[in-house]
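Below are the structure tokens for one structure; questions will follow.
Each chain carries a letter (A, B, C and D) given by its place in the written order, and its residues are counted from 1.
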Amino acid sequence: MPKNAESLQRAWDLLVAAGAVVAAIDIPARLALDYRATARATPLDWALTIIFLADMLRHLHRAGWMGARSLPGTWKPARRYAGWWFVIDLSAAIPVAAFSAPPLLQLLRLLKLGRIAERMWHWRRAEFQNPNIIRLAFFFFWLALSTHWIACGWLALRGASADVDQTTNYLRALYWSITTLATVGYGDITPSTNVEMLYAMLVMILGVGVYGYVIGNVAALLANMDPARVRHRELVDRVTAFMRYRRIPAGLQRRILDYYEYLWEKRLGYDESAAISGLPPALRTEVSLFLNRDILQKVPLFGGASDDFIKAIALEMRPMIFMPGDYVMRAGDPGEEMYFISRGTVEVVSAEGDVVYATLTTGDFFGEIALLLRQPRTASVRVVDYCDLYVLSVAAFNRVLTRYPGFAVHIRAVAKQRQEANEKHQGWNERRQF
Amino acid sequence: MPKNAESLQRAWDLLVAAGAVVAAIDIPARLALDYRATARATPLDWALTIIFLADMLRHLHRAGWMGARSLPGTWKPARRYAGWWFVIDLSAAIPVAAFSAPPLLQLLRLLKLGRIAERMWHWRRAEFQNPNIIRLAFFFFWLALSTHWIACGWLALRGASADVDQTTNYLRALYWSITTLATVGYGDITPSTNVEMLYAMLVMILGVGVYGYVIGNVAALLANMDPARVRHRELVDRVTAFMRYRRIPAGLQRRILDYYEYLWEKRLGYDESAAISGLPPALRTEVSLFLNRDILQKVPLFGGASDDFIKAIALEMRPMIFMPGDYVMRAGDPGEEMYFISRGTVEVVSAEGDVVYATLTTGDFFGEIALLLRQPRTASVRVVDYCDLYVLSVAAFNRVLTRYPGFAVHIRAVAKQRQEANEKHQGWNERRQF
Amino acid sequence: MPKNAESLQRAWDLLVAAGAVVAAIDIPARLALDYRATARATPLDWALTIIFLADMLRHLHRAGWMGARSLPGTWKPARRYAGWWFVIDLSAAIPVAAFSAPPLLQLLRLLKLGRIAERMWHWRRAEFQNPNIIRLAFFFFWLALSTHWIACGWLALRGASADVDQTTNYLRALYWSITTLATVGYGDITPSTNVEMLYAMLVMILGVGVYGYVIGNVAALLANMDPARVRHRELVDRVTAFMRYRRIPAGLQRRILDYYEYLWEKRLGYDESAAISGLPPALRTEVSLFLNRDILQKVPLFGGASDDFIKAIALEMRPMIFMPGDYVMRAGDPGEEMYFISRGTVEVVSAEGDVVYATLTTGDFFGEIALLLRQPRTASVRVVDYCDLYVLSVAAFNRVLTRYPGFAVHIRAVAKQRQEANEKHQGWNERRQF
Amino acid sequence: MPKNAESLQRAWDLLVAAGAVVAAIDIPARLALDYRATARATPLDWALTIIFLADMLRHLHRAGWMGARSLPGTWKPARRYAGWWFVIDLSAAIPVAAFSAPPLLQLLRLLKLGRIAERMWHWRRAEFQNPNIIRLAFFFFWLALSTHWIACGWLALRGASADVDQTTNYLRALYWSITTLATVGYGDITPSTNVEMLYAMLVMILGVGVYGYVIGNVAALLANMDPARVRHRELVDRVTAFMRYRRIPAGLQRRILDYYEYLWEKRLGYDESAAISGLPPALRTEVSLFLNRDILQKVPLFGGASDDFIKAIALEMRPMIFMPGDYVMRAGDPGEEMYFISRGTVEVVSAEGDVVYATLTTGDFFGEIALLLRQPRTASVRVVDYCDLYVLSVAAFNRVLTRYPGFAVHIRAVAKQRQEANEKHQGWNERRQF
């Protein structure tokens, strides 16, 4: 179906819905205020009849369109449309007021509201976000209509007072409905006959149900509003309980809570790989590549590597978070990972931590010698502010290399070259010049 | 117990329940409206007495039937039935009105409602679906009865007015009960004596409890209505937060969200193997077999395989979802899986993606050469629309083969044959002719 | 502390609590009904003074008892008790009415309720079951007291009417409080002065809060009532969605749902090892042993084994559930497990399933040859009704054997013997004679 | 921004907020009580104008401060501040009463409340604890303001009565608002004209919404109050169901439930490593070190070890809980772990359990010989009361040793020495003398 026809259809649907709502408001009100006067058809009656008949034709046409394989000329589409919906649409289309039928039959028009209900049901099923809000909105629509009907019913039972005009009569009935439904119950208008009492009781019971539904929905809405926050708080609670039981010193406690606050601020789900692990492989590769390509292409070591190699490496990189003052590595440790800075700043310092060789920031990387040579770290790396790093382990690197034997040859050559030129601190300087 | 006897029993239970409810409605109303007039037994009284006595006999018989090992002729069954239930049943069966006992004693009949309560309790325990709806339905049953009783109590306290008929008297009392329970409180009927005030206070406190229970239930009902949707939304929220933090490009974000929408539409729990992993082995095999047998029997490679072999293979197949435009495999990649299309369409294309060799759809399969020969893919496969595939890895295939050494010989022969006939693109054509 | 002293203490605590509650009810009522008449001390006043003073002595003593290291004779305990609680206890103990102090000061007695509040708080913290119910019960206690106070306040503001007696005066005030708090609001008693209006407004706002708290608690109570059921239903929903999407045949669907219903009926958490995995090792061993010892001691194979060996074997057994008609094993399959029937019945049948060799039930075992010899199963085993089995795999059995080399020698001897005597069907007969 | 300036800013923000709230209370009240009298500007009007103008200057300045790179002298900051906030701030600053404008225009001042709303929104986003409480507090602020406005509106509609003073007039209107919003509805003040009825209906509908929101919030608050308790109870429920189904003996059941109660009392999350596993590596090391350093430094075996070695060992220690009467190890078992007592008491006993060699308590350790020599335990260890132990396995110990080859040499020497001096029971005595 072309785009244009679709929006036309939607406009038509809206028109039909508006017609149904107008009928649902107008007809009961007229019946309640002056039953006898409603025996004559108004222009609105005719307009609704025309709109609803046209809508029936459209449904007939659509049934034909969707059953396109049936031969033209045969009346199969009509048969497919027949059934409950056909009866409903037809009942709503009859201009009862034009015939000498009892005016009450005009309420048949209200059946057309079934179309709105059906559309709402479909809409709610398709939409997966904020089900409570949609449910509540639909509920208020029906509640408003029902309140109107309750007011009309009350008016019909009591009869309109001749002392005041029709607007006042209707407003009083509506006022009574709302006073009762909202359980305020001023008591300035109360039922006097038995039938009125029964009616009032029904409305009160309905009022309790309405309350229950509104409050239940709001409660569900508020309870499900921010599950991430609930989960985070639960986690922090557990950690706090642990720290209190084990009497962790206040300073350390503060730092741990700071860390969780940082996680919450950045809305990080503690493990970003979990967030993307649910994706199909192609999407996952694409996300990893997007996250890491820029940084990977800057690494001289991967200079001549194919796109596929880069992709494979990207998939192996794992995110880590470091806090200010943490040491990512220490001089002398065995080197087993390479690091890429995704966000934040680190300092390359001497083993004693007093000399700062270099400051690296977002987009930089370090520790790449570990991928080539089994040798201890030549310098320490200290974190300056909160740092999101990506880590590539030697094991993962080698795993990828085995799948790209051509590039592995090149890497081994570079490694040998490095080994020969190996001296203290040179690692850092060298890379800077690369 | 035969089927027939069971439905007979159920009908009898229903009759007894109906009798108890009628008694619970009728007796308090008659006592409240005209206390002295209730001293004579009505036909209903006699009918209830007969039904309840018959019910006692049935319980006696059932106690005997369930304790079948006791010797006939001894009165053991009677002893087993004795106890609280016997007292309750007997009290309810006595036609108090026939004796010159105080009419208030007729309320003993209401004890029979205990049977209904017991049955409800059993029912709710057995049924594991929608506990809130069942609980709410039961609650409304008891609430309706209680409201009736409250109205009767109010009537008894105030005395029926002689000015109006009994129906109006009762309706007014009921109207007061509901007005008060629903916390509407018009104030047109208010307590005047101290006892009435105390009674009104009790009803109001009860009303608060009723409200709390109804609203709490509705809230719990709505909160637990669609946990799958809640979980899905939570997941999407997390992914969205991650994407925003990492500044994933809009296009990729859109595609990732599309993917999750597809999952939701199909109501897939992300991993269908999780859904069936909780099943016992025999059921699991059967489900896997049902899902994959048709497709497996079409594979020429498995032509002469035994049923058990097919079953074993079916258990090893893993579902995967691909999105439009994804590449399932690319020409030149090492082939390590065979694929079966469960739903959707793919295109077999040349390495450059410009020539379409074939279009495969639901029920087709591809990549079966990988099971036989360690060779690179001879063509790429691109997904046209959302595709549910089943994957069979070479490792799993070989694992199964080791358990079926006879069939393994056959497979090796086929493999050798293929190897000899091996040429570019032939793989695809060949299978088409098989 | 000896048991006896503890229950004495509890009785004393109850007496003090009762005294505080009586004071909290009596004093405000007397003040509100007749302010001037309260200036004289009643016997109750003196009784409360005595009880509360005795309670202070007890607290002093206890402070001394718990600080047992302080030298006797010094007044350290007193110092430890001093502080807020001392002031509160003392204020509550003063018989204000005996002095010519303003009667309003008698309300100081109500401070003693703080002791009840403190005790409740401790109780709620210690108790981990049904927190909502306890919270609600405490809340209703305070709500009842507050309603009484509100009524007294209203009475004090309006002044008691001289036309009616004091009971009626008080009841009317209480009736107004409840009518307002429960938001019924008949309107037969309404505030007339500004102060009364302000008071009424405060009570109404309090009423909204009370409602919110009661309903919120009930909702939380109902929502958390049966989380196991919620989780189970969620699981079944997911499986149902999967089955519908994959169009599993109705018969298979029915059987899968039957299986879940069975799980629910037995209240099995799908994996009983999960239930006990949280236990410390000693408890875990004991549970496993209890579950399996009887059955293990019947196995002739384990005849001469030590207790420790049986324990080790018990820990290795895994529970499994089979459905009616399932085959636990099939003749010809490689045998890799031994089975113990924990509940249910199975049939040992021929490969074709037409000849029944034996029927085994709760407490029996089968397949033990698999632990000794690598040979195919000599018969099939079919499940008759729902069966809870325990499985012992050969791998686990061998793992245990390596830790008991002595017993391993014995087992190898038995295995050799069996091998020599090996014939078809004999396996089953042999065991029966053992 | 320096600390001082920040608290100054906060004070200023508070002043502006107070001004906005005063205006929001004062202006509608004056308009409602005496519309004509409000045409003259009061001192308050002038004060608010001055404050709000000063606030605008501050915002202008801040816009400049934050856009510090723009050249001074140009009016860029002004441009950045322009927009909605500028219009709002300006409207609120105009002293309408000073001009001959319609008094109703004075309500423009209320726009300044937007600043409060904005600040609240920011605050709620930043704070991750107790979102429901903050939400509820904010809600009550707005509800109180709204109730005031509703009362003013009602007063304006009805006109102030000339019979009573202004305070009484206002109080009556407020009383009506609260009576209606709280759905009490005494009915002593009811609308009489159509407009008043419409107004009352709106207020009632608002009242339903207010109720829903308050109750929903309280419910969500209570439901999320103690998720740890809910989870714990769920677990215990599951274990209880399992024990009942498997008919675990009462004594064992009691001990298992005792264990869970102990866990709950100590607020232990069953696995303390889970609580700290979410931390970044540096923090995790620090926590482990804090927990174990004291105890590790007491071990003579680790006497000459470096700090890094101690750290590495600390990270490998796993917590375990033992119950009274449990045996941590038994004489003759192969020794594979060393234990450190974090809390509690154990007894070293003979194999038969009748001779107590030693009693160890918090801070002690045992079983360290297992780290050196592969020999059976020389004594049993029985737990006296609930014991939190840390376990160090031989495997983990050796793993750490490989990274510290220097210390490994030392350990091997000690092991050899021990082996030579090896005799029964000596292990225990020796350590005591160390």
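What we mean here is this: contacts are C-beta pairs under 8 Å (C-beta built on N, C-alpha and C of every residue); 3 or more make two chains touch, one makes a residue touch a chain.
The structure displayed is predicted, hence computed values, not measured ones.
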item: Chain separated most widely from subunit A, comparing mean CA positions; value: C
item: Between C-D and A-C, the pair joined by more C-beta contacts; value: C-D
item: Copies subunit A and subunit D - rotation angle from C-alpha fit, nearest 5 degrees; value: 90
item: Chain pair repeating A-B, as identified from A-D, A-C or B-D when over half of the contact pairs by residue number coincide; value: A-D
item: Whole-Å gap between the CA centroids of subunit C and subunit D; value: 26
item: Chain centre separation in whole Å, for subunit C relative to subunit A (CA means); value: 36
item: For subunit B, residues contacting two or more additional chains; value: 183-187, 211, 215-217, 219-220, 223
item: In the complex with subunit A, residue positions of subunit B that touch it; value: 167-168, 171-172, 174-175, 178-179, 182-188, 210-211, 214-215, 217-223, 225-226, 229-230, 232-239, 241-242, 244-246, 248-249, 252, 255-256, 259, 261, 264-265, 270, 320-323, 326-327, 334
item: Subunit A contact footprint on subunit D (complex, rising order); value: 126, 128-129, 131-132, 135, 180, 183-187, 190-191, 194, 197-198, 200-201, 204-205, 207-209, 211-213, 215-217, 219-220, 223-224, 227-228, 266-269, 272, 275-276, 278-283, 286-287, 290-291, 403
item: Contacting residues of subunit A [partner subunit C, same complex]; value: 183-187, 215-216, 219
